[in-house]
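Below are two complexes that have subunit A in common, paired first with subunit B and then with subunit C.
Moving on to the complex of A and B:
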């Protein structure tokens, strides 16, 4: 397989396979959660469950002071790499082109030097998070294979994307690009079957918690 | 012009001044990324160089490479250098044809055995020797035969270097590159469709000066000319970095000269000197004329997923795959959910309540 053929394969059939696994997996998992159902609450409503749920989806994005004080590092580093992922994935011009091609929607891109710098910051934050996980006795005890796998498939696209963007001479540029796309496809395939599902389930969980409190007319 | 004439003599006879000659040497040195101290060495070597015998074989090609190398630079000093080599065989340019032409090739080969430079443009068909022949000789056997006595081979153009357009899918002639057939000779790939004229004269000058082939990259191309990507040297690069793109060929962005990435520019994955050396004696290059780079100096550029499709765009229909996956996922999810619910209902139904008597009975058993 030549480098052009490899790039063509990862941009075509491989992306199709990864997309099918990614989408199918996510829909099955979300459907599974929704199908669990809830028992009818016989108590009289003291507030709006929907309003409480929606409010909590937003309010839980801000860390409460107690958590921030107790685990400052986790909160700060966590925020940095999540915002970094948001910027690098969704605000880089070539990525927006891909989204436009698939979904038909687009938005303005950030200048590439900003995305470039964000990538470096995000990689550093992810490395710091891993070191913290390994050094902290409780976190290390709680960590299993999946936690390290999820970390790896998250940092790989960032590192390979950085190499492809700067065309670091370890491979011809089309191969670097192909490796980057492949690493994203690996992430997509692993995604629905691991903790990465939190990208979607966190909103459901927040809504669920908020709705319970909202129904009771209390703050969540 | 006599065969024993040196390059310097030939140039002087054609009215090239010493100053003009040194200017060419300095330009060649800088293009090959050599220090200025090498200029006198290049000048001295070129001055004394005997005109090397060059045999030019054209196989499955369009003559675009020959057009590029001979016509566009004919009034310049590069063109004269080119004239000044002893081009002993080139079936497009020579007057002779048929057996007379072949006799000239054979004579040149015999006379300069082990010393001549073999230039090849065009790919070589392997599916059937009859697909392309010259004077009844198949391309493959002519190449293998002529390559034996060559000091070095210069594969000019993407067809000779990587198979090029004849090798594009489905490759009906079984076209291959020179490097696929010749393994025991130094091969310099001067890729491009066509390649930049100054690159071939630069390679020849390097060979005349040092008697060696220039430093090559992983794809066999001289690093001095193919060391940097079009994207990195593109004058439109600041627009890419700012996120300013032309969306069509006639929108505001196109008129303002913004980046052509969205229109399928292959600059980021293409290595060539177009953005620096430019074409037509330094006039411009395709991107300057408003057209995205096709990536013509890269292998398989013809099958790279579409000239007008941005590099980051998928080459297959991803939307349809995603829609099918949503449908299948929803069906599977509902089915699994229903199975879980049925299981739960069965468990509830078969559940037996434990009474205090059961526990006491159990205690008695112990």
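Moving on to the complex of A and C:
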């Protein structure tokens, strides 16, 4: 297989397969959660469950002061790599072009040097997060194979994207780009079966939490 | 697999609903919940991380409700939860969790961990892994009508005593009264002044009320241990008495879990809405205040703080009322750091106080409350849960702190203005 053929395969059939697993997997997971249902609450409500749920979806993005103080590293590093992922995935000009190609929608990109710097910051944040996970007694205790796998498939697209963009390394650019796309496909395939699902399911979790509290007149 | 283990795992499976699945799907093992839990912060032992206390339930969720989990189970790659593991988890689910709900307020993905602990206890109890102390309390609640074994004659004696002391009538079994007052055994045995305080306030405000000789116990061990059938029976006793006496409302006393049981879980346990309302005593007092029916005189000059009972404020929604009431009678009311819905638990709720095995860790965890108190140096603590009260007193003694713990209702009663009539 020549490097052009590899790139064509990666951008063609491989991407299609990964997309199907990604989309179907997420839909099946979310449907599976919803289908379990929940019992109607027969106690007289003091507040609105819906309002509480919607409120918590937003409010949980901000930590309470005690948590910020006690878990400063987790909170700060967490913010950095999440915002970093958002910028590098959705505000990088070539990515927006690809999205426009497939879905026909587009939005303004951030200047490439900013995205480039963000990539470096995000990679550093993810490395720090890994070290923290390995060193912190609670995090090390809670972590299993999946936590490290998810870390790996998250950082790979950042590293391969950075390399592809800067054309460093031994392989010529088409192969680097193919490797970058492959790493994204790996992320997409792993996504629905792991905790990466939190990207979507956290909206449900926060809603349920807020609704349970809101019904009782508590802001959670 | 033993029959009891099978029943326990089946109960886990049945307890898993959409919220539980959403919560487990979302957990990223960030560990932030550890720092929200007094049993972790005061011991530093990672096994007390709230989400870890749910590990057996999480495994059942994975094996029953996820693709890879089901596949791994089918080909024999993942092991079923064992009886021994449930035995190991007993301490984590009962001794070192008061279901205070603080972790549920902190989780960044929004997991209501406490909601899941409550559910997990349903499986633990049927699998035979509930603490001996809690089993005993539950047995007494079913057979005698009180987890502490308090019988009607004991209550009658306290009522007579209170009537003589205050020169007030305590109405018992008065049909057609507006309010039915429930009590906790702890109040009847340790804080009978509460009954007198309520009688005094209700006379002052002109509230029509009664106590039932058939259902006076407000607490619900069935919920703490996690056996819904028993919890439902205990609720049903109150419902039957309330309907028999045709009251408009039932008053939950100064007890956190009693309020959770009768106000929020009750209708769901018996499977139908009530024909009456349920109010916490502080809600009613605040309502009387707002209606101008509660007139007080003089103020406490000492520096007071308020300890929010978890099930009354964070899990119950009665947060502003105690503050409105305290401001009526306190000159120097100071809040602890992290108060209201973020208050730290006394360490003894959720059945921990019925479980002697947990005494040591409960007192260790109290160090969290000590730090909170040390930040503001109050001269007295006001609270609205007799269980909190007893264990705050216990903890203060353990740490050599000299500070009275007083009831908010009793404080209000002491400051009632002379009768308007």
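Operating definition for what follows: the second predicted complex is superposed on the first by the 219 of 220 C-alpha atoms of A that agree within 3 Å, B and C clash if a C-alpha of one lies under 4 Å from a C-alpha of the other, contacts with A are read in each partner's own complex, and residues count from 1 in each chain.
Just so we're on the same page, a contact is a pair of C-beta atoms (placed from the backbone, for glycine too) under 8 Å apart; a residue touches a chain by one contact, two chains touch by 3 or more.
Worth saying up front: this structure is predicted, and the values here are computed from it rather than measured.
With both structures placed on the common chain, the touch criterion links A:32 to subunit B and to subunit C. Once chain A of one complex is fitted onto chain A of the other, the partner contacts of A:147 are limited to subunit C, with no touch recorded for subunit B.
Applying the stated contact rule after C-alpha superposition, one finds that A:198 touches subunit C and leaves subunit B untouched. Once the two complexes are overlaid on the shared chain, A:74 sits against subunit C while remaining clear of subunit B. Common to the subunit B and subunit C interfaces on subunit A are residues 28-29, 32, 34-37. Residues 28-29, 32-39, 41-44, 46-47, 56-57, 60-61, 63-67, 70-71, 74-75, 78, 136-144, 147, 193, 195, 197-198, 201-202, 204-210, 212, 216-220 of subunit A touch subunit C in their complex. Contacts from subunit B toward subunit A in the complex involve residues 218-219, 229, 232, 240-243, 245, 261-262, 268-269, 271, 298-301, 303-305, 310-319, 321-322, 324-326, 328-330, 332-334, 336-338, 340-341.
The part of subunit C that touches subunit A in the complex is made up of residues 16-23, 25-32, 34-36, 40-41, 44, 46-47, 49, 51-52, 65-68, 104-112, 115, 263-268, 271-274, 277-278, 313-317, 319, 338, 341-342. Listed in rising order, the residues of subunit A touching subunit B in the complex are 2-5, 7-8, 11-13, 15-16, 19-32, 34-37, 93-95, 97-98, 101-103, 108-113, 167, 172-174, 177.
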